[in-house]
């Protein structure tokens, strides 16, 4: 179970370069991301740690365009990410694993989620490696916490298989059982893409080349 | 931060005894909890571990009455828990920390949640110990994942302070930062009540007196 | 513009036209009463008099059958179902006629004669109108007698204005069918009416009654299932007599 | 219209009663509106009007006081929703069923029995300008009742609307509370339609609540916003009604509706 | 009614057309119904009728073809909801605003201009028994359009209704898709009311979709259920209509409504 994931080689994407400059995000008057600079080189695996409520998820959601940017710039592979325009197009360049695996408002089968991931074949292979391929015909609403998390990882891998060069993962091992924590940490480590992973899991941190710590909206790089 | 929580002594509840016999829970035709027996003696701290999807949350939700029981009996302090009748009354005897911290359908302030926990004073003290007392006037919907989890633990402690003798906690440390994982594990260990805690966190398991493992709907006790 | 000769559909389907009475479908009992007064004998009413909003009426299969079999389909203009049913069953569009419904002698006379020309029942219509004139004069006189010398101030709902004339009075104000506006309420209140001629089928005058302590007189326009137009006049005459007659 | 006429209008008893009714109902019914938002049963006003119509037809048929039967049927239909509240799809579907089935049954009953529907519709009719002394008294009593229930149960209601399971494990009798709220909503809406007119009910319940959902951050603050918008919006609307000589129902809806639309300018509601 | 009369009725062209219309529309409109459920805008049929009334009043006032204006206004009101779909409270509130504001504006416009309200209402009238050849053709075209859009976009729609953010990060143009769906819903509902009657629209859209929400486990299976219930329920209801000589609208709603109520017996929908 803890071996590297061999299908990862099927991921054809060019690892992306992400440059964030002076990013500021607010909720109303409170500034939760405070002039953050961050540069991810192609292929970097970067862990983003920090106390609860320090603004980690907000940074990721801002990159995805789910949270409005008050000021600052985001540049992905030389292209500035415009928070408003051509969004649908840009999402194809970023694979996403949310922190809160929504149960959704309406029934959706696991298969339907993976089919729309970009690369179904790879997503289903990933699901098999994560031991959730028997759930393909189940509605998302009936999965256990850990099962949802595995499916969302499989979905993100499907996006990478369709050419996304950057993976943003928000606490990807939070709901996993002991074995799953190791498997997922290994799978993440084996992905040949640029990765920014928010985590409170020491095993995941240990497998990253760089560690950033967030505190009170500011970011600093830790010596590893 | 890692010291024991002194206010725990304010919990006046009599630790409860829970006896589960031949519990069966199904989703449609699939049997996910399969003739489970379990006896918790007053004051026992029991960890419930097991693979994702093995049925742990379902057992806890069945005890809470949130999932229908196909067969079997649940006896709490000599009183049989009837899944249908007088539910509202019984909930006062069990403190509950759900796995999925719902965001809710309608705005609710943290204060309002804690006020209805049973013992506001204690719940607010617990929130202070968990470093989330500054969030009292915030709507639940605006909290980060780890903040919600802390608030729900504070709420559960409020229930214990109002006389609940049993705590059911479903992955109480899943979303917490490094410091939070230790603090919460310590707080849980210091609670003078009967406790059944589903967890994938080795630190929490290590602080329990008994460990049960669930696999494929069945339960067995591990030698610690 | 209506054709005085019966449409071909009738002549072909009923070659013995003289013996077979024309089949008339009327949208409401009010329209039906006009047809009956004009001399029609085989009349089917679609929307019963109990239907408040003829525009909302949902026809039954039997209504469809009736329209399919009808020689003429009569309606007042706002009952969407009549032309739609007629069009759905097909056949000559000339079978569809609009009838102006108003309970004033002039309109009744014009419409009844027009219809009778179409049905070929002119003598019957003339006989009815003679009877109608006599009855109208008699009933109207009764009401006027009951009122006596005074001329009480009345306001009226728009669709029952003819009954004010019937009682020998002039309306000091008219409201409806739209809901009252405050200014209308103020104007009508200022007129200090003693009586409100209310349209029982629509209502709307209650605020004026509230503001002035005027008496509400509920008047009808639609006849019962017997399609007797004269009964409407009889009934309203009785209502008016007992309401207006009691004035001190 | 010049000011003299405006003052004249204010001297009319129905106008004075309307103003009192707007203040009283405008401060209590927005509470109902917020509950309606929380239970996701926004078309309840339409549903209740048609349920009431069915009840009236039934009453006329049975020869029993139709308004009484109408109120009973409304209350019963509200109560009948309660057992479905825990379903994942919530109450929107069941409310849809009640709404369409009620119209259909009412029309079928009316068409079957040949009851004079005029009477039936008449009993549903109300206008704020036609408020009688007795109507006003009923309205005040109902309003005080709503304020009382809210004051008494507001913590439990806040938790119930937030999340049913959390409410349950806080020791709240969730089923009973849901049923109680639904019955109160059904009865007060039915009564208010009769007392003040259908459109006015929209203007004092739903619209302020929708605006408050954008502005408030908790049940308490939403209700405060809704009450403020209910009273102020309706009084302003009523002044416009008097000044521009419009029918009050539509005018009040448009005034409060504009406030509600403005509330969407707030960027980040919860 | 005896069997001879039943056969007689079946010989009538409008009855035959009604049966075709029920099969065609009954298999396409439930798709709209499921979208309506997913977007939480169940009262859209009521809303569109009132928006259409406003459009008709406007058309009569301006002297432009009223049904055209009505369709335009309906489409525009659907589109205007789209930017609000991402809000936490969803589309239920905005739909409530559209519904009440439309009635109010229509009434105000009618009362302002003195247009005969009956004439305006008349243009909204439709009945399945009065389906003309041309109506049937329009209905078939609209139905094929709905089936086509669904077939073409069903995966994206499934994700959109599941969760907007997940749909976004799957590369779906969420805003455009939402607006497209809302416009299609608004236009087809408005057209269907005119073509088949208001109550029938409930029976072929909302009610089958509510039942399907209880029975299906994915968008695809829900739509299959809804279509089956739409066609079968409405054909059965129409037979009852013919047999017992009842108005078709109420009868179809009651038949399909009973099936919908039965669907709640299923214990664990998702």
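Assorted remarks:
We call the chains A, B, C, D and E, going by the order they appear; numbering starts again at 1 in every chain.
In the analysis below, a residue touches a chain if its C-beta (ideal position, glycine included) is under 8 Å from a C-beta of that chain, and two chains touch if they have at least 3 such contacts.
Owing to the predicted nature of the structure, the values given are computational and were not obtained by experimental measurement.
Listed here as common contacts of subunit B and subunit D: A, E.
Contacts with subunit C and subunit E are shared by D. Inter-chain contacts peak for the pair D-E.
For subunit D, the chain with the farthest CA centroid is A. Farthest from subunit E in terms of Cα centroid separation is B. Inter-chain centre distance (subunit A to subunit D, centres taken as mean C-alpha positions): 46 Å.
Note on chain placement: the centre of subunit C and the centre of subunit D lie 37 Å apart, centres being C-alpha means.
Per-chain Cα centroids separate subunit A from subunit C by 74 Å. Each of the following residues of subunit D touches two or more other chains: 37, 40, 88, 107, 111, 246-247, 249, 270. Residues of subunit A in contact with two or more other chains: 27, 141-142. Annotation for subunit C: residues 53, 58, 60, 178-179, 181 touch two or more other chains. Looking at which chains touch one another, you get A-B, A-D, A-E, B-D, B-E, C-D, C-E, D-E.
Those residues of subunit E whose C-beta lies close enough to touch subunit A in the complex are 37-38, 40, 155-156, 158-159, 161-163, 165-166, 168-174, 216-220, 222, 270.
Touching subunit E in their complex are the following residues of subunit A: 64-66, 87-89, 91-92, 94, 96, 98, 102, 104-109, 112-113, 115-118, 139-142, 159.
Looking at the complex, you find that subunit B touches subunit E at residues 27-28, 141.
Considering their complex, residues 8-9, 12-15, 17, 107, 110-111, 114, 116-119, 121-127, 129-132, 197, 199, 241-242, 245-250 of subunit E touch subunit C. Per the touch definition, subunit D reaches subunit E in the complex via residues 37, 40, 42-43, 46, 84, 87-89, 92-97, 99-101, 103-105, 107-108, 111-112, 199, 202-203, 206-207, 210, 213-214, 246-247, 249-251, 253-254, 257, 260-261, 264, 269-270.
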